Amino acid sequence: MINKEQVTILSSKTIALDTFEMVLNNHYISQHAKPGQFLHIYVEGHTLRRPISIANVDPEQETITVLFKRMGAGTQKIATYQPGMVLDVLGPSGNGFYIDSNDSTVLLIGGGIGVPPLYFLGKTLAKQGRKIISVLGFQSKQHVFYEQEFKALGETIIVTNDGSFGEQGFVTDVMDSLGQYDCYYSCGPLPMLQAITAIVPNQKGYISLEERMGCGVGACFACVIPTADEAGYRKICKDGPVFSAKEVTL
Amino acid sequence: MINKEQVTILSSKTIALDTFEMVLNNHYISQHAKPGQFLHIYVEGHTLRRPISIANVDPEQETITVLFKRMGAGTQKIATYQPGMVLDVLGPSGNGFYIDSNDSTVLLIGGGIGVPPLYFLGKTLAKQGRKIISVLGFQSKQHVFYEQEFKALGETIIVTNDGSFGEQGFVTDVMDSLGQYDCYYSCGPLPMLQAITAIVPNQKGYISLEERMGCGVGACFACVIPTADEAGYRKICKDGPVFSAKEVTL
Amino acid sequence: MSQLAVNLPGLNLKNPIMPASGCFGFGREYSEFYDLSKLGAIIMKAATGSERFGNRTPRVAETASGMLNAIGLQNPGVENIIKHEVPFLANYNTSVIANVAGSTLEEYEHVAAAFNDTEHVHALELNISCPNVKEGGIQFGTDPEMAARVTEAVKRASNLPVYVKLSPNVSDILSMAKAVEDAGADGLSMINTITGMQIHLPSGKPLLANKTGGLSGPAIKPVAIRMIYEVSQEVSIPIIGMGGITTAEDVLEFLLAGASAVAVGTANFQNPFVCVEIIDELPHVLSKYGYESITDVIGKGVSV
Amino acid sequence: MSQLAVNLPGLNLKNPIMPASGCFGFGREYSEFYDLSKLGAIIMKAATGSERFGNRTPRVAETASGMLNAIGLQNPGVENIIKHEVPFLANYNTSVIANVAGSTLEEYEHVAAAFNDTEHVHALELNISCPNVKEGGIQFGTDPEMAARVTEAVKRASNLPVYVKLSPNVSDILSMAKAVEDAGADGLSMINTITGMQIHLPSGKPLLANKTGGLSGPAIKPVAIRMIYEVSQEVSIPIIGMGGITTAEDVLEFLLAGASAVAVGTANFQNPFVCVEIIDELPHVLSKYGYESITDVIGKGVSV
């Protein structure tokens, strides 16, 4: 269940160009968060909260890690927040990634600031003894983060648009060369998700989506996406952000 | 001349109920401020700046003291500011109190949060060797501040509305009992200024006025007051806040 | 009557606070945060004749002290609302107001009539002012004659008190208010959103897929207060006030301007508890400014 | 032509930034902060036929991301402005626009004609939209026929290009814009303030002595953008855009919406240097979003 919680910032640091890692302390969220869920963060002076994925959780230490990119005024402000400050967040919000207990090899495909939720997922799956293959795409070397963290979970291929780090190209360029996997999980820019679902249309997979939100709790109909049959819709904030790749129309 | 200046908060403390004393550091303003002038303070998240009188200046230490009362959202916010923070202010703004070199005894009449500019004036006049009598009115004992500071300048009578400190009543109740003085200077609530100018209509005196301001520099015509002959007007932010008691219509 | 209570046509409210239409869905989501019985009333999301999917996304944008929305009246249709949503709200000890929308006079009549058979809806809010529907809503909302016609039609079709929700996007709010009062409205609800737009700088195009959207939030409060003040001096039906309310002091401002109850919209998104926090704070604000009760405040500001 | 320059009827602007009428007096105060020659142009405070003292105080109130004002067109009268203020501004290398106001058609004509003999005024801004004058301004500003009549009269009386300043307090901004375009306006200026009110809680009465005032500042930017976008697609005369501008990115948003130059009002009160800071920042913002020059931006947003 979503709570309105006060979380204390334990640390905040730059981990890549314009990209920050913030560790937060909160009992409730650290005990209940599932991979794929997000925090809806209040930012002083802003009408709307900012949705940020949960990138990691340590239930013993009662910490939650988020990674975010400085995009506009809201994330710009969050980037200035110092340890000790208390944030007002709604969370854990949304559903999580569906995990099929029969899957033994999973592929994680992350693009840019879509990578964070996949780390929490990968850690969770690795703990359950599954084999993890990660393909992470970034704009350039300066944007790369969490390479070591993903390598600790399994084979990890980094691609950059300009080839300044890892292989040159898009995540979809390396997808052919991978072995078999039972399920993929992806989060990243819409064109990337569209390309992936087009390349492996029959593969079981789950994608995490973004949309501008009003309430973040399912009440305002701001964040809808049509279902695959175009006869209905889903709310990204509540029914998502994770959907089966076959469930929605991108 | 008014500058846009960055001032650093050196200290901030409560000196009476909802009343704060803040010491600021700034070279330009500390060298140029005259008694009666004010700072026009930018408060984050607010469209309009807040005018606050200069209550004291130390040109050697390059400090400026302001006293303010927590009234609404703006002063509430300023009250939370911590030492080390930098404020954006316009100042020194407005004209100062006119000082006639022939006056030997002056009366200062302050009401509530109108007291602050009179302190800077009193100190300046005392340094010039003039005799100072001060009558300061407050709502109640809890609201009284700067009694010792004014006593250091000369005879000081405190009155409170409820008699919980000093004499009971209004400043005007004790004005009869004072000896001769050459000029009075007053700042406080409008009804108090009206009462004073009515009691001593022929006495030379200067009053400092308040009005809601837009620009604070004389450009927007928000803060006008009719002249005594009703044929013209003055701008409180630029022509004032100090006026000869005979110059304007209260 | 208790300190916070207020009685309006069809609505015996334990307090004057209700979530605004479209900002609270049908209550389910916020019922996970608190007991909806604490609310004076609940205004449901707009109902239309049949299901609507609304506009393409993005549907919201943030603005200075406000937001734009162009949801486009997405809703499951009046039959579904009556079957699935009203029974849920009936579990709570609060009044329920149905927000009635449509593209044609007939659709308005149909939707209004559909609520006649539900026991748990206590009043209708006639939404003639949604700026995000192309077909007719906006004309109904800016032309006094059209507004009067739809009001009359809905009054005829319905057995419930009808509060007509006015659009602020007009030159003359007073003639709109008088037209619907003369047409039989039991109350007014004001204001709906002000039409606005934001350009997305990277693309150089409007950010909202619908191009324009409705501006809400604290930014529009001064416009709401002005319109309510202007109207309340000249009409005799009660006004449910809204537009930028986030605190109990804002509520007092609306009541002094001439409203008899208020709705809170956008603020729910920032703070899901805002309605109950306002309800808890109201008694303190009343006494701070010297009022005994809500009814003591109502109209004080306009009485001179 | 240089990167920031833009040419409009009567106005060869070195950059598209000018202070808005009423927010900059006649330039004297801000000339103590910076060299006014840096500005694209200066729009003077409204001029009326004879001196006006305006409304009682309080005349301003703060609102969320905005402010209300009810100055009431206080000004020394057109003769004094021509004698004492225009010569001061003539010292600077910038264009000067006179804001023309009045209560009657004749007053508008008189004021406009008075500027014919001054060399240093380059255009008129016809203020038919000031919400704080009771006698006629507001009717001129909300009725297309009246607006057309005053535009025609002023065009006949004046030898200068006329920019008509539109009020946002209308149901249909487009018909206002078209009416004044047809009547011969050389350009539009939009938007003026939106009528609002604030209640002073301790007294329970409107805070402004005039009761209502005009809402300005970032709060109204989405309304300005929407109206400029709507109008610029349908009229062919240029638009000077305004309403809530505080940054160079805001300027870009207005240009993309369809404005050809902009005015900055309320933001001067918060930061007296805002106009020059925006001018300095503009080249960076242009290149950040891939534009070569101001003329490269103008209309890009509305071209599809």
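Per-chain residue numbering starts at 1, and chain names A, B, C and D are given in the order in which the chains are listed.
The rule is short, and it goes like this: contacts are C-beta pairs under 8 Å (C-beta built on N, C-alpha and C of every residue); 3 or more make two chains touch, one makes a residue touch a chain.
Remember, it's a predicted structure, so these values are computed and weren't measured experimentally.
The highest number of C-beta contact pairs joins the chains C-D. Of all chains, B has its CA centroid at the greatest distance from the CA centroid of chain C. Chain A and chain B, compared by their mean Cα positions, are separated by 56 Å.
Chain B and chain C have CA centres that are 46 Å apart.
Chain A and chain C, compared by their mean Cα positions, are separated by 36 Å.
Each of the following residues of chain D touches two or more other chains: 63, 65-66, 217.
On the chain D side of its complex with chain C, the touching residues are 63-66, 68, 142, 169-172, 194-199, 201-202, 204-206, 211-212, 215, 217-223, 225-226, 229, 244, 249, 252-253, 256-257, 289, 300-301, 304. Residues 1-2, 4, 42, 46-49, 74, 90, 211-226, 233, 238 of chain B are the ones that touch chain D when the two sit in their complex.
On the side of chain C, the complex with chain A involves touching residues 22-25, 28-30, 32-33, 45, 53-54, 57-63, 65-67, 69, 71, 74, 217, 266, 268-273.
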